[in-house]
């Protein structure tokens, strides 16, 4: 019986429910709703307790980043970009910096490469830890968030030590990184990785063997493998569907080619599988961080000298730099017309497709209580949709 | 990759192939052959993944330049496809049937630039803005700061001095202008 | 504030269908009449010691509420907890910048909150626009639209700063100075005029609680 | 679903007795990390108010505001940055870019208030609890958004240099100039320090953007001697440069030279403003030095008919006769003068006022006269024996070198003095193959010459003898009598006579030294030669200088017979450098214009 439930594919066409008939109820989930990821909303049409139609509404966090960036100097955009995604600002910083370096023809020192990789992996871990709390919470499991957010906080402590910022690190600056590792930092990293790993073991026991979580998450939000290209699905959502796609391997940026890791691929592609895959990726993060600490050069320059940021002009050109963030393909398209300000910066956030097109389809037929769990299982974050 | 450039040139009049990196190239097409070319790239050449679609306002040339970024995971190669459309009559073929999420990008472009994609689902609905009365705000001739200053109250009491002018007033006010 | 001489907004629930009109109260908010002496002090003490936050992450600031809610900083021991609905909440945390679209929801949620209610504003963006000072879609001063009791500076303010802000709010409430609700009632026309100036599609009741 | 799924969740009860995660007193127990980007701190003493923090701040969070009790002075605008915490995003780019390194961040993060208007303050001026915090964000070692080092200037090696009068400094290439110009932050602190108040950020911007015509136009707005000043200016601007507070100052002088060098004289007319139509009035300028020619240039631009009277055979004054060729090659000077002449300025060479013509002749024939005769007369040593034939005058030696005369300094040369003339004389002597001693009353750091000049003179082989008070010049004995002289000096020590004043040298009793020299060049200062000014000209004098008013006017004269007299340059001012003379000339030209046209009395 369960087997069939696992393979439910929601219809591609939208239902056209007649709201006047009295059979349906229109209700909003969000923006002010505990079961929503960030400040966004879902417009649900429900029949009984199952969703007939779902529309994603975004824009509550729209600040017009792409417009603002066209008004600012190249270097002035550096503090701005990290605000596009609060839980993982470093991917923005990296993509923007890498795009600039590519257009300006700058080679960054090896140490900066390693520290950038470290920074990206640490924030990946932190973001996953935040997510797993949300995922458990969306299914009514309030314990996990108590642990995982604390673990995330420990990782943020590391960031504070390294970069001076807790949430917005502003560490990966065009040309390299902003500072060398402080004394004793790597030791702290390893200690905290041990703590987090111990906690992940607990989470695995408590969450993934929890009967309620299992029953509710299994079969929820099934994504067939052939959707991946059709919808532009990336990251763990694609990997859980059995498509081995990881930009860290595919693009081989930063120090990833020098690290030993395998792309983790799932099969069932439902909410449970996605959660499980992310848990495994958290272990992978910890492993990668340990490898980085091991291999990171202890000396050497951490940044390349840049021209005066007040007049820095980037040669005309365009590029697209992508990185594998926790949710998938995070990319910056940067076009320069040779002036001291960008001509166009476009941000490609993985949530763009996950939270809108994919979510709207997956929600069809779902029990209303599971909408929150489904939403979180796609791991979306609204600011990168609306920028 | 140049074989692909030749094929695209022969079939769709593509031009200006430029290798930005080993795994990234850009190419320019005519807007009226865009949808066919994208379909061809998706089905025949393996560029099955649409990373994103957006536009650039090239106001100096009077055009919007569309930007479609495709990726072929098999080849490990990304391709940015450009097409210029008239800024006065910004209408393009919709690709929402090629990629299931493309309509979102098109809705965004409609709202941000005023580019129309006839037939694209919900393309006329508001996307990120609500009750917006100004022009499409990503157009270069829309001044964000001026709009902000005119619309949103600022906390008063700020004033700054230019060091050079201040020093002139203090140290040599008699100097000729 | 001298610029409060704006045209008062009409208070009818215009734009709603007649049967919906009755669903909302269209009376303007009234100032709260305090109880006498010690009794009001006791009320204030009780209010201060159970701050229930509305769980509405309006901006980046929301991200630092999670550590606060969970075991490491554990704000429950200070009598602070998050509530899912405005009806149960008395503290509204404005998490930084507010886009016009969110401002509409902020106003609505604020009005739906039961009094006495307090507002804590986080970060530069609420004070003077922050880094989005030139954005076409974010307001610069939240105090133009709803009254604010406490500002916490930072970008982002750390959880500790938030905690300290709540402690400050407690002091204010205990001293009987948490006047936001009364200010809103007193200058209602001014606030409404400001709100309507920004929110162009005002398709909701003037006052909805 | 198996049995594990029911049991496993209970397994974590084992953690029940572990230390909880909860921080007991979060506000007190958790200070910001040592690198935390908290509230700003500023060392108001080190800060020079250049406003670079304001320029880089993308949030427009920083204003520069006047601060009570802090006046503008050279190299310090007196302004200090004021931060608006309704804007700041704590990115610390202001810290990373701060030229002086005075702006930093503490690790303090608590600031809570119910009044939204209080979140603005001037770090380091408004007292805050976090002032002087030890911890907090500092930019990392070796990490600064601005380049500390100036682009090195190619120069002749010292061994090579002393062999000839070839120009030492080679000048920047385009790439070098643009790179150097990129170091400037356009704060404009330098403008106040330049006697001519040149638009330095403006022309550096022109270099950066490759728009040399604009650069040249900006130069000529205040200074018609860019070639000369680009080489020999005392560059007070570089002393005020904000970049110099944390590294090498921007090479403003070399950039000026770069502009002038790159534009051909034939292309000047295209870039520079044309003269106004003739106003039909005549002005005479006495002395074709930088000051006189500067006045002549601006007067010619304003439409006056200008004639410049020069007693020497060539125009240029001290620029030509006082500065050796290796510092200022004659073609460069000729280029500047050539352009001035091309505007219709007539230079009467070899006409000495007071001898060939009198000042009253000029007053009769011209509507106004500008005196810019400088300081041509060298002071004597004023010690017994200073009339010895081998005691030479520094200025005369340099002038003779310019004229290409045989100097006959001999093998051993003493140069007495510590100014630029002394250095020039010493280095000229070195180039004639002499061994040179420079004797100066005080210490090296007290020498009025440019530090570069002293450094180079020493590098080229001059021996510096500090703290030596001249006592006597004795004729050499025997066969050398009349051909060499013994210079006697007294060793001195520096004594702090008065608190707050610089120490003075005091002779150490009995420490007399003497040495035999073929020539002794006295270069201890010069005075004016005002013999051509007569009583009837009505020029008031004070301490042997014409007394001028704020406009540069010395005597109003009586119309129509007797034009007004203006004076400027070394003759009047205390700075005694070319750029001040040029500034005086410019100012005088404007004053003369106002005086003669009756505009703006």
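So that you can tell them apart, the chains are marked A, B, C and D in the order they are listed, and the count of residues begins at 1 in each.
We adopt the following convention: a contact is a pair of C-beta atoms (placed from the backbone, for glycine too) under 8 Å apart; a residue touches a chain by one contact, two chains touch by 3 or more.
Just so we're clear, the structure is a prediction, and the values are computed from it rather than from any experiment.
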Farthest chain from subunit C by C-alpha centroid distance is chain D
Could you state the distance in Å from the CA-based centre of subunit A to that of subunit D?
56
Counting in whole Å, what is the centre-to-centre distance of subunit A and subunit B, each centre being its mean C-alpha position?
23
Rounded Å distance between subunit C and subunit D, as computed from the means of their C-alpha atoms:
59
So, what's the distance in Å between the C-alpha centres of subunit D and subunit B?
50
Check: subunit C positions touching at least 2 other chains come out as 71-72, 101, 127-129, 131, 133-138, 141, 155, 158
Pull out every residue in subunit A that's touching 2 or more other chains.
59, 62, 64, 67-68, 71, 79-80, 83, 147, 150, 168
Mind pulling the subunit D residues that touch 2 or more other chains?
21, 32, 58, 84, 86, 89-90, 116
Answer with line, ring, star, complete or other to describe the graph linking chains that touch.
complete
Can you tell me which positions in subunit C touch subunit A when the two form their complex?
54-60, 62-64, 66-67, 69-72, 82, 84, 86, 97, 99, 101-102, 105, 109, 131-132, 134-138, 155-156, 158
Interface with subunit C, subunit D side, in the complex: residues 20-23, 26-27, 30, 32, 58-61, 84-90, 109-116, 119
Could you list, by residue number, the parts of subunit D that touch subunit A in their complex?
1, 4-6, 8-9, 11-12, 15, 21, 32-37, 52, 55-58, 89-93, 96-97, 105, 137, 139-143, 145-147, 182-186, 208
Subunit B contacts subunit A in the complex at 20-21, 23-24, 26, 48-52, 54, 56-57, 67, 69, 73, 76, 78, 80, 99-101, 103-105, 126-130, 137-138, 140, 142, 144-145
Parts of subunit C lying in touch with subunit B, wherever the complex brings them together
100-101, 104, 127-129, 133-141, 144, 194, 197-201
